[in-house]
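The same subunit A turns up in both complexes below, where it pairs with subunit B and then with subunit C.
The block that comes next holds the complex of A and B.
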């Protein structure tokens, strides 16, 4: 649905369910959602045997764990925008380190500034959307009741 | 095993099951990654891209080319080894070029291999496999209704869609998808490809060939 500006670059829409699950699920179930997201993307995109899958897994778990940590530490004192931006910074840093090791070599540090900046902007936009969605959604209300 | 299906559709999709394709991909993965000969690697990539076409996947050579060029250029930034040529005063070194080409072929080759050997209807076994199946069931339902997302009321329309989708339970067992069993010709084709790739690996390990210089 969303076009990719550069091949393999993702806007991060798939992180939306993770952001919304932060206040909904206990830590083990949240990490299970992260695992399902990574495996689902690998199956749909057909990237399970490639470095793309490895990057997705490392980035998703770095982001998921950091968002979980900050949300549990600061609770409602940190918005989903803040949590999302921190998650993106951890995710993108982990992916740059992996790119340095596997693909780009020392040249990876050259892409770090634009990659981190772009990731921060998209994460802030996604976090703002998640905040508004969480405030208005009837589906989330029903999900909380089921949980 | 079934008789060959002569109906329309991509040949590999009709004649091989997702499980057999996955197994072939798992066997090809080490044979490709351990291959040190760049020329053989390039031929393997061409083979994997051809298989993508046979499996009905959209092949994007321009995307592969952009990614490969980017990886090679980034590796050339840090000079290592013998200087081959200078471009605008910048040294183009053998070590950096080899390293870039190896990494670029690994990246694109594994994507091409993965894309033909992993099908979205692959069902992994066990509890986790069941959970993935249910997640994909809901994903497909949402994607099937995505036209209903209204740009003027994005949050409201997504919310209504989620409320509707969460109603029906995901089926425990799903109907067999197209090509859910393999034909002899499909299995034979994959077996030949796996053997050729492992054979090429053994030959290049026994008789390593210098690329240049």
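The block that comes next holds the complex of A and C.
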């Protein structure tokens, strides 16, 4: 729904529910959310049976799993900013490797630095937003009580 | 917005990874390549950083290949159209000049990494 010219931004925002659910949901349910995100984006974008879907799935699961891991591992010593940054790092690196293997060959490394840099910045911003939202949201408090 | 210890560590690791990729992808592109000249079933390889002039024998005569200032070009050739002479000097991996009538093929062999003509994001 957000205009296509900024496709990466759209993908970034889709990680918001994942970030917010990190503390709310048990691991299997969180991964289910990741799966729903991947399927949902594939269905709406019409990319369900394409290479894009593969990249989306690999990236989302790489970030979902790594964010779960780091949140559980570091607890209160890391905020959603750090978690988001690491999640983006894992997701984007996995996608670069996939691009190297499947599509671009050695040329894939050329786009890696700007891609990773952009991902780090947007992940940090998203993580900061998620942190503030989690701290202030009454909706989230009621969501916690349900779980 | 208070950033905690591991947030800084996460950002530091990210920056490290980005720098690593940058070095790997963008450095080492200025190494001098080699010119490969193929004619009459034989192959000669010369470095681009040494100036020289070679007379390459073909069925019609000698094609003169000159390497100067890191580039290679065809100075003269016995073919009727002299297309090879008009082609611009080559210096990047993958570029080539050919004289088809005289069966001479000149190309630059470079690093293993793919060179690209243009990058757009």
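Going forward, the second predicted complex is superposed on the first by the 136 of 147 C-alpha atoms of A that agree within 3 Å, B and C clash if a C-alpha of one lies under 4 Å from a C-alpha of the other, contacts with A are read in each partner's own complex, and residues count from 1 in each chain.
The rule we apply is simple: a residue touches a chain if its C-beta (ideal position, glycine included) is under 8 Å from a C-beta of that chain, and two chains touch if they have at least 3 such contacts.
The shown structure was predicted, so the numbers you read here are calculated from the model rather than taken from an experiment.
In the superposition on chain A, A:26 makes contact with neither subunit B nor subunit C. Contacts of A:89 after superposition: subunit C is touched, whereas subunit B is not reached. After overlaying the two complexes on the shared chain, residue contacts for A:139 are found with subunit B alone; subunit C is out of touch.
Contact with subunit C, but none with subunit B, is seen for A:78 once the two complexes are overlaid on the shared chain. Look at A:52: by the touch rule set out above, it reaches subunit B but stays clear of subunit C. When the two complexes are overlaid on their common chain A, residue A:111 makes contact with subunit B and with subunit C alike. Note: residues 105-107, 110-111, 132 of subunit A belong to the subunit B contact set and to the subunit C contact set alike, using the contact criterion stated above. Partner subunit A is touched in their complex by these residues of subunit B: 25-26, 29, 57, 60, 63, 66-67, 71, 73-78, 96, 99, 103, 106-107, 110-111, 113-120, 122, 124, 128, 131-132, 135-136, 139, 146, 155-156, 158-159, 162-163, 166. Within the complex, the subunit A residues that touch subunit C are 70, 74, 76-79, 81-83, 85-86, 88-89, 93, 96, 105-107, 109-114, 116-117, 120, 124, 128, 131-132.
Subunit A meets subunit B in the complex at residues 1, 7-8, 32, 35-36, 39-40, 42-53, 102-108, 110-111, 129, 132-133, 136-139, 142-143. Interface of subunit C with subunit A (complex): residues 1-11, 13-15, 17-18, 21-22, 24-26, 112-114, 116, 119, 121.
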